[in-house]
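These are the structures, in structure tokens.
Okay, so subunit A shows up in both of these, paired with subunit B first and subunit C after.
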Partner chain A sequence: MKLFGFIAVFIVGSVLLVMTMDFPGWGDTSSPASQGQVSSFYIEETINETKVPNMVTAVLADFRGYDTMFETVVIFIAGIGIIAVLRTFSDHSSPAPDEPEEDNEGGDLIIRSTCHLVVPLIQLFALYVVAHGHHSPGGGFQGGVMLGTSYILFALACGLPAAKKRMGERRAIIIAAVGIIIYAGWGVACLLFGGNFLDYSSLDPLLPGDAQMARSHSMLAVEIGVAFTVTAIMFAIYSNLATRGRLEKGL
Partner chain B sequence: MEFLATGFFEEYIVPKFNYWIYVILMMIGLFAMITKNNLIKKLIGMAIFQTAIILFYVSIGVKAESGIPILGHEQHHAIVEEGQPSSEVIKKDKFANPLPHVLMLTAIVVGVSTLGLALAISQRIYRSFDTLEEDEILDQLRPGGHD
Partner chain C sequence: MIWQFDIIILIFMVVAALIALRVKDLLGATLVFGIYSFLICLLWAGMGAVDVAFTEAAVGAGVSTVIMIATVFSTARRSKD
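This part shows the complex of A and B:
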């Protein structure tokens, strides 16, 4: 088995390496990826069409809005799938009376104090990353993951029951669904104002500024929706994987 | 041998080392997925495979003498506030193509989703079979196999 695997891998690898002979070299400015029409359009016209200086966010949330919307749905489905596969509701466990308080206490005093200091800062920075995603590196996915990790850090330091009080299972699923509803609802709002689905410029009458500014504001709204979903699903993935779906004591 | 020593190395390996790294990483991942018996090791191979693809796309997007595809404050101000034409303010050679970065953002997100779901399923398999070794699971699944 190992030998067959090695032969197959060797053949595939050789073919791929032979193919790279025709690929452009490192940093080649005349490569198709760097010189194509699409590339120049994005670089030159993004600022005119959307007034967003971060082209990556503009392409992600506006030009390729459908892609990002269904990407968010992919995350949502993954989270729902993990809950469906792992979650068990054990009826036998009647926890000892003193156990819950002990769990709420969590770990060591130093760890808990540090966690209480650090988590708000992480969340503040995550909100900045979400809100400033169309002007500097960042966006809904990055900020959402940071928000999710702040909850995970809290769960690691203070115990899962304490974290579940902040982000319970039901609340996590609702928040994840709300994120997708924000995104899809924004697209439907574009329909109501006479444009195509996710054609943000039709929201001009609703938002301050002109049609280009409407696209910029809409990107922020859409990124907030993405951040909602990613935050909740990241925490749901962690809490289910760490407790084998029992959501009791955790790591 | 002379050819291998100098020309080949300088022409095909040095300017394309990113492709060599991606192919090697990808083959490590593929090898792990094909031959390893343990499901978690297979998943590690899958993660390495995904990382190799991300590396491939990002390295294709590299453009010499260019920065990240985000306009600076002055350029943004000059176009939006002062109304200068973008084709004069923006020098195309100074910005990388944003598309590979966007596509890889998608790939990272999908990678996280698949990895999380796969870990959940393997945890469930462990709960049912008390093992993550593939051959032992197949043994138990066989009709006459010991349970």
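This part shows the complex of A and C:
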């Protein structure tokens, strides 16, 4: 049986390796992807139409904004699904919403102090990644993941109860929903100003600058919405997985 | 893209993938997956796809490693097969 598996893997793997020979080379200007009208439009017109130097973010948040909105919804649904499957409410222990002792952060002193030093830096950098995502590499997903990771680091170093005070379950779900509302609400605002859904240039009267700058500012707004959702969902996934849904004592 | 650099990274990636398959300790396998993600992130950065590399470093090497470690701690640490 093992031999059969090995032969099957070998055949499929070698077929795939042979097939990759047919791919265009890296940076090949004569490949279909480089010669199509769509990609040359993005490369040439992004800076004129949106005033955004990072065309990856421009494609993600503006030209294909509809996709990104539903990607955010997918992340939200994934988090809600994990909470729905894993979360258990134990009956024997009373909920005890507020522990009497204020400073019940567990863990080693050195680890805790290092964590208290590092977490603000991570969060600052994550906010920079979100806010500067349309000018440099980064954006809502990356910045949101880093923000969520800072909460996870805090939960690892100081225990889950301390982290739950900063980002409780209820608050996490609300923040995640608010992120999607920001994104979709921005699209609805475009509708109210007479454009199509997520057609940011119609927000020109609302935002400083001309219609192109309105698209740039709107990208920042929707990235902030994405970051909200991703941050909260990442922490919710971690805290449910690490405690088997009890949300009592972390790792 | 420097081809010597690429060859080294690709060899390390194959080695990391084999180690992740062979190691019985699931925590070790998780960490090797993190190494694998960082190597592929280096490849993407070398090809100029900085956004993808950034996402791979944040999601692939960062969060998914942590999430898998959390899962390993609440299930079994040793692989049976």
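Here is the rule we go by: the second predicted complex is superposed on the first by the 217 of 251 C-alpha atoms of A that agree within 3 Å, B and C clash if a C-alpha of one lies under 4 Å from a C-alpha of the other, contacts with A are read in each partner's own complex, and residues count from 1 in each chain.
Definition applied: a contact is a pair of C-beta atoms (placed from the backbone, for glycine too) under 8 Å apart; a residue touches a chain by one contact, two chains touch by 3 or more.
Keep in mind that this is a model prediction, so the values were computed, not measured.
A.B. asks: For A:Ser201 in the superposed arrangement: first (subunit B), second (subunit C), both or neither?
C.D. replies: Neither: A:Ser201 stays clear of subunit B and subunit C.
A.B. asks: Which of the two partners, first being subunit B and second being subunit C, lies in contact with A:Ala78: first, second, both, or neither?
C.D. replies: first
A.B. asks: Between subunit B and subunit C, which makes contact with more of the residues in subunit A?
C.D. replies: If we count touched residues of subunit A for both partners, the winner is B.
A.B. asks: Which partner does A:Ile237 reach: the first (subunit B), the second (subunit C), both, or neither?
C.D. replies: both
A.B. asks: After lining up the shared chain so the two structures overlap, which partner does A:Ser218 touch, if you call subunit B first and subunit C second: first, second, both or neither?
C.D. replies: Neither partner.
A.B. asks: Taking the superposition on A as described, I'd like to know which of subunit B and subunit C A:Glu45 touches: first, second, both or neither.
C.D. replies: Touch partner of A:Glu45: subunit B, not subunit C.
A.B. asks: May I ask you to decide whether A:Pro53 touches subunit B, subunit C, both, or neither, giving the answer as first, second, both or neither?
C.D. replies: The first partner, subunit B, only.
A.B. asks: Would you sort A:Gly138 into first (subunit B), second (subunit C), both or neither based on which partner it touches?
C.D. replies: second
A.B. asks: Regarding the shared-chain residue A:Met146, is it in contact with subunit B (first), subunit C (second), both, or neither?
C.D. replies: So A:Met146 only meets subunit C here.
A.B. asks: Where on subunit A do the contacts with subunit B and the contacts with subunit C coincide?
C.D. replies: Correct list for subunit A: 26, 54, 56, 137, 139, 141, 237, 241, 244.
A.B. asks: So in the complex, which bits of subunit B are touching subunit A?
C.D. replies: Result: residues 12, 15-20, 23-24, 26-27, 30-31, 34-35, 59-66, 68-72, 75-76, 79-80, 86-87, 90, 92-93, 95-102, 105-106, 108-110, 112-114, 116-117, 119-121, 123-124, 127 of subunit B touch subunit A.
A.B. asks: With touch defined as at the start, can you tell me which subunit A residues reach subunit C in the complex?
C.D. replies: Counting only subunit A, the residues touching subunit C are 26, 54, 56-57, 129, 137-139, 141-142, 145-146, 148-149, 152, 156, 234, 237-238, 241-244, 251.
A.B. asks: Of all residues in subunit A, which touch subunit B in the complex?
C.D. replies: Residues 1-2, 4-6, 8-10, 12-13, 16-17, 20-21, 23-29, 31, 33-34, 36, 38-40, 42-48, 51, 53-56, 58-60, 64, 67-68, 71, 74-75, 77-79, 81-82, 85-86, 135-137, 139, 141, 237, 240-241, 244-245 of subunit A touch subunit B in their complex.
A.B. asks: List the residues on subunit C that touch subunit A in their complex, please.
C.D. replies: Answer in residue numbers: 1, 47, 50-51, 53-55, 58-59, 62-63, 66-67, 69-71, 73-74.
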